[in-house]
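Chain lettering (A, B, C, D, E and F) follows the sequence in which the chains are written, and residue indices restart at 1 in each chain.
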Amino acid sequence: MSLSETKEFDLITLGETMWRLSPPGHFRLETAHQLDVQVAGTESNVAVALSRLGKRVAWWSRLPDNAPGHHVANTLQTYGVDVSGVCWGGSRLGTYYIEFGSSPRPSQVIYDRAGSSASEMRPDDFDWSLLRHTRWLHLTGITPALSPSCLETMRRAIAEARTAGINISFDLNYRGKLWTTVQAQPIMDELAAGCHLVITAERDAKAIFGTSDLPELSQRWNGATVVLTRSAAGATAYDGGTTYDAAAFDVQMVDRLGAGDAFDAGMLSALMDGKPLDEALRYGCAVAALKLTIPGDMALVSRAEVEHLLTSGASTIQR
Amino acid sequence: MSLSETKEFDLITLGETMWRLSPPGHFRLETAHQLDVQVAGTESNVAVALSRLGKRVAWWSRLPDNAPGHHVANTLQTYGVDVSGVCWGGSRLGTYYIEFGSSPRPSQVIYDRAGSSASEMRPDDFDWSLLRHTRWLHLTGITPALSPSCLETMRRAIAEARTAGINISFDLNYRGKLWTTVQAQPIMDELAAGCHLVITAERDAKAIFGTSDLPELSQRWNGATVVLTRSAAGATAYDGGTTYDAAAFDVQMVDRLGAGDAFDAGMLSALMDGKPLDEALRYGCAVAALKLTIPGDMALVSRAEVEHLLTSGASTIQR
Amino acid sequence: MSLSETKEFDLITLGETMWRLSPPGHFRLETAHQLDVQVAGTESNVAVALSRLGKRVAWWSRLPDNAPGHHVANTLQTYGVDVSGVCWGGSRLGTYYIEFGSSPRPSQVIYDRAGSSASEMRPDDFDWSLLRHTRWLHLTGITPALSPSCLETMRRAIAEARTAGINISFDLNYRGKLWTTVQAQPIMDELAAGCHLVITAERDAKAIFGTSDLPELSQRWNGATVVLTRSAAGATAYDGGTTYDAAAFDVQMVDRLGAGDAFDAGMLSALMDGKPLDEALRYGCAVAALKLTIPGDMALVSRAEVEHLLTSGASTIQR
Amino acid sequence: MSLSETKEFDLITLGETMWRLSPPGHFRLETAHQLDVQVAGTESNVAVALSRLGKRVAWWSRLPDNAPGHHVANTLQTYGVDVSGVCWGGSRLGTYYIEFGSSPRPSQVIYDRAGSSASEMRPDDFDWSLLRHTRWLHLTGITPALSPSCLETMRRAIAEARTAGINISFDLNYRGKLWTTVQAQPIMDELAAGCHLVITAERDAKAIFGTSDLPELSQRWNGATVVLTRSAAGATAYDGGTTYDAAAFDVQMVDRLGAGDAFDAGMLSALMDGKPLDEALRYGCAVAALKLTIPGDMALVSRAEVEHLLTSGASTIQR
Amino acid sequence: MSLSETKEFDLITLGETMWRLSPPGHFRLETAHQLDVQVAGTESNVAVALSRLGKRVAWWSRLPDNAPGHHVANTLQTYGVDVSGVCWGGSRLGTYYIEFGSSPRPSQVIYDRAGSSASEMRPDDFDWSLLRHTRWLHLTGITPALSPSCLETMRRAIAEARTAGINISFDLNYRGKLWTTVQAQPIMDELAAGCHLVITAERDAKAIFGTSDLPELSQRWNGATVVLTRSAAGATAYDGGTTYDAAAFDVQMVDRLGAGDAFDAGMLSALMDGKPLDEALRYGCAVAALKLTIPGDMALVSRAEVEHLLTSGASTIQR
Amino acid sequence: MSLSETKEFDLITLGETMWRLSPPGHFRLETAHQLDVQVAGTESNVAVALSRLGKRVAWWSRLPDNAPGHHVANTLQTYGVDVSGVCWGGSRLGTYYIEFGSSPRPSQVIYDRAGSSASEMRPDDFDWSLLRHTRWLHLTGITPALSPSCLETMRRAIAEARTAGINISFDLNYRGKLWTTVQAQPIMDELAAGCHLVITAERDAKAIFGTSDLPELSQRWNGATVVLTRSAAGATAYDGGTTYDAAAFDVQMVDRLGAGDAFDAGMLSALMDGKPLDEALRYGCAVAALKLTIPGDMALVSRAEVEHLLTSGASTIQR
């Protein structure tokens, strides 16, 4: 994975980003008078976290040319993500509502993303030649579920990245509200087989492919490195030869969303820094733990904070 | 317009109601961190105001069977509107964003209503036999612009109301973001010709029909009573014989939206109470003036407040 | 308990409902700059929860004809409770302040309900003939403590319900700030003896009657079914023959108030649906558990949520 | 009016202070989710403004010994008012709701003060000997309307102040919701006749005494100095010989309440500083103008701000 | 002023940016419980507005490497301003408090900027070679008043820009709280004499130089183009030959701060677009007018909005 | 420790008090849009808690004569602390930012106190003769770290208190961001040796003096009573003869800051009431526990609440 320093971006990612609208505290959406606005998208979450960790990152998507669309682009720029590759057009920003539960009442997500600008993304919307000045492409399994043109864009992205000879990571991110496991399986297999690093929740691997056996999954996907995540139970990786484990950190949770994306960003950042896979797993777990303490989907952490946690563990106050 | 007291509802109205999402104060939508949630729809605005003025009112529509959908129905119930005729189904609640300007910066509306449950409304969604126990049907020119099935529902509504022999009022409510004046004209004409009372902004009448001449418009629509509104300049009505004028009240404006609906409700309430057309116009202007001082689209006034304004004029404090 | 479907209401309840005013978060009332407003009353809490579970419910009370009074009626209408039987009059809405503690600091309630409209309730304020079109009457032991005329209204309610031959449930809801156990005992006994289902906290039964022995209590009250609740330790019921137990659910608490009322509503709903007493207890525990996760006194749940909890247990997120 | 510098307080005042609860902005009370809490009482408003202008002031009243009662005392202490003479007891803090209107919708006040601790004030609650170490006593016409024991306390206050030989000012502050003009007239006359300075809105003087003729009123009240206020039209005073006028300042109003109390405080402060009556009127108008720009009932101004306004007029920004 | 399109930035500006902390609404700072946080600095305000109008802009300064410092850099990035030239170091972010008045109470600014990182700015903190790839340098008269090293940085900036042969604009922005007119005069003269475009409030020109005669000022500063601004009374410019006037727009003001910076940005943008000076003045007035309707110091407008105002005038709502 | 009742104050304390600015909830300071304002200073925290427990307390410091300075003085007056000894002057109020973490993310404090008015405190700023009418002087180890003149003020305070023959307590309160342990050690030793009661976190004793052995520390400081605190692990005291332990209470924490100050106040209050040292320790632990449940740095408790906790333990609700 050694890559020249002359690349323009460390990583490019593409996907849909939405407004996440939530009533404050534990109030029910059905009685909402106010909604908090956050920007959320699995790929842009990865992009923001990587940028905070010091990487040069670009995020590609389609956004409507109106206030909500610009709100999304502005927010990603806030954290240093390059949005100059965004294709402006289409009629609406996808949104989703989330109501935060408290055990035994589950948090509830209501997607309102049909017909979004992002779902109209097409392969020709982007300047693929930029991949030749980039070290890494990161994709997720949400995009192919959004529309046929999104699937075509994914296929094109993988083909172009392979031509450019750069690394490709793929987080399956299975969403049961977008498609069934039966629909997802052949597409996921096709796409994963073109990538070098495949990440998935263990539960989803079992549901879609009927197995969470790492060597079996690696073999299925042309020998890709495979990472299984298990929320509070940490992560396991297999690089075609060895299996590595990393434990999750104890967390007093503030906001559950985006932890998987934070994990991806931490792992990718460490890999780009030349760290071995086991350290990268642990780095990912640290970023995920910090994310869980921060409101919103984005891991608004600093590299120093991540490394302080990895070396010194948790502390209560710094003054 | 004398109607038996035995009718179950004083008025039924049907149309789309949305969530209105707005950043607080004069903040720009592009920088929003929080959005205020209001329930807004021209027909439900009329329904709520009429209910507050003492009328028994039902509102019919389609709503998604999720938290935003129930939020809308709950809110209308809060103010006594009957929602038992709502047809539950479809995938999303229409929403719109509004950013409040300040001169010379205009307030801006961004509709996000495509594919809403309401736009999938069909003639068979409703129990038309209820019109036989109702005094009045109120419709608007937004509904036919939403979808072909909405237009069909409008046609059916007018036909059923005519069969039932009840009053039909129609506020043209032209929306330039939904269709052009050229598209609107024949449909508006067709529908207005079936109604007894047609209300329109003077500006829209000119734009769509090329005239705001009251006798000409009345003749065009089978002799309907026609009311022209002119925002701060009041309203004029023509009942086929006489023209009546009413001046608008001086207002220190708090929220501009919904004033036209408040006017309709005030006028209809007065007509149902047997008041003559000129008094009804004035009653409408009073309800509209009070609405302009209340945040949100709905005229949350009481009959006593309206009548106090009509008889005593404005006052600064009651203690 | 089989009741004809032709009844107009499934249940009527009567009692006082107040504004509950609380500083946000854990702030002290003594330093409050803002107060959150909630509507709270043990009987209206039961009414709202039952309405959400699909029952037709009416709530009777006295309310002042001013903005706070209408706020209460509006709020109950929001959730489908019929308030047409409310008697409007009197000079003030009862209120109470609550400051939320955190262990070891207790939450503190300060009642400000003396002289409220509800405390002036009289037997002739209500149309008792409606009980003949109703399946169930629900009362609590707060009402008789408010005033002599409230006690008379309770006596009349029980007499009318017995004449109508409908079910009567009675939650003792002993409040030490309203009367002593010595004052309460004979009144509670007199009223309970006229009811079919008596619910009480085990602690209160011991304090007022010196026993929490179920058969003994049942016998004391003419063989009524008796239910004892024990907060986090669940509930026990005795139907004159058998004793049934139900465990409470594990809860990450958001708002402690109203859980007992939610329990009552869940149990009554299940009984009206023809479920046996042990299932009804469990249903009550589920509604109470969900209430504890929702800000405010009212159990703003859906039947589907309750049944999901009963069949699938707690889950963290649904997306 | 020359008074020794050795007095312990410059002024003592007594009366009822309440919580003022208001929905934010222009929202209606009937739809309130949150209420802003302010401390408001005509006499304590005067006390706070005088303290801010550099006077040593004590406020006497009865307050309940609970969180709302201590909130009131704390708040007055914040601004330097001595509350050590407060008599703690009784069951409730009087409150009032205010909903802010916007023309033509009036602001609305709903009092909820019956049975308050303050209304149970009795002559023996206070240590009258302190008046001998005080320069001035300030009273208002709200107190005698609250209860017979409040009236007795007023009578005692005037008698004690006369014995101590100190100045007594009396703002009639007629409140139509507490008593009729017919009830108020003899009491107002009796009390005013014992005071040296009587202040009243011109409108109230006409309503209660049938005249706003200054010499006539002065004569009626044993030759007291009489001040008539006319809101935006300024104030006029008569000292038994000469009539003085002061114009009100132009104000962009933020909160209408408490301006009269601010006027009183400004005028009294100037008189205590030895300024002539015409300057005192103008000083009062300046404090009132600044009060109108500040949320809440209290004139949270500084002496420097008042004097800057009097000497330099209005300015838009100081930086 | 024709400049090659190959320059990397359209404009570079340098100066201090602070946190602006203000109590909400019209509350007094002395009673604040919450403060709104805005990012404010005259040069960064210009940078943000220019970026929104489509220019590539860099902002240089010194910021502390802590959360407030990053907050400032992030916020400028949000709106597309390049902050890669920021020099990180020093111990604190300058802040200022602003309390919003209402006539006759003035708004009040309290600076807390002593010892800020920006005041420690030195000439060697920046890479001046970048000016050779830039079209324009913008400076203000606040910087030289902050510290001797800031003044040296200003001198260096002007020298480097002259060497690079690019345009230099200079807004005097006299701040009486930082230095006297006597102290400012020689420094202002020295710096202005090195610039091509000098902007100043007419009032400040009179106070510092004893004249607002345009030809005289232009001559004083080596024939620079001079622009005088007069708040609500518009602006006047003199290009060495002709005098041009532009009227201000009527505005319903929301936030007074930053309007002068918005004017500068509008004028500079138009000049860069090749528009003549009179059009540039008018463009500046339009951006300033829109700014006054937006909370915060920054002109968060779009080019389309500015041009709509210039061509169509004010409108109330767009829907 | 018996002291005459004729003393004017029970205790005087002096030190710096700041504005504590924090983003709401768990939001990051770097993304703050609003900051909550609290008043915080270790000595004024002690003063407020003692005042709430019934003691007459004065707080001395230097404050700027502007809105933030008066905000601090007002806030302490709110809770009955005498601020008449404050020396007004200097240019700024010290502030600090705190961002609340959640495990494993630490809370973070950023001080912005350099150049504050308080750091310019000098020995002659205060009227030391008042110590002769006071029972107790309380000091902390933050003051000597602020500036040389602050150290001199501390030395003078101890000398004057010794002359007056009153008790002196000293909480070391070591702050690593103000000085190193090597710098602190000789100063701490010098000052502690002049005091009767020295309180320190066990961790700090070890870091500064290399020991937490109580007899050794007591001997080092002329036989002073020494108290070691250990957060959740309680406190230990040594009075020159006996060692006493007190356990901390279990707490569901709301706000971690100020607990040590609350402990001091509780212990000092009990000692002033003549309670033995072991009871005083326990009293301190109770006040600290209640403080941890209250937002802000100040222990806004009542004596009754503390004593209820000591005698009855924790309870969940009082109604």
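In this section, a contact is a pair of C-beta atoms (placed from the backbone, for glycine too) under 8 Å apart; a residue touches a chain by one contact, two chains touch by 3 or more.
This structure is a prediction, so every number in the text was calculated from the model and none was measured.
Counting C-beta pairs in contact across D-F and across B-D shows that the higher total falls to B-D.
For chain C, the chain whose average C-alpha position is most distant is E. Separating the centre of chain D from that of chain E, both taken as means of CA atoms, is a distance of 47 Å. The distance from the centre of chain E to the centre of chain F, with each centre set as the mean of the Cα atoms, comes to 45 Å. Among the residues of chain B, those in touch with two or more other chains are 28, 30-31, 33, 74, 108.
Taken as a graph of touching chains, this assembly fits none of the simple shapes: it is neither a line, a ring, a star nor a complete graph.
Contact annotation for chain pairs lists A-B, A-C, A-E, A-F, B-C, B-D, B-E, C-D, C-F, D-E, D-F, E-F, with touch applied as defined. Per the touch definition, chain C reaches chain A in the complex via residues 249-254, 289-290, 293-295, 300, 305, 309, 313-319. Taken together, the chain E residues at the contact with chain A in this complex read 74-75, 77-80. Note for the complex: chain D touches chain C at residues 21, 28-37, 66-68, 70-71, 74, 91-93, 95, 97, 99, 108, 110, 112, 114-115.
Those residues of chain E whose C-beta lies close enough to touch chain D in the complex are 25-28, 30-31, 101-109, 111, 175-177, 256.
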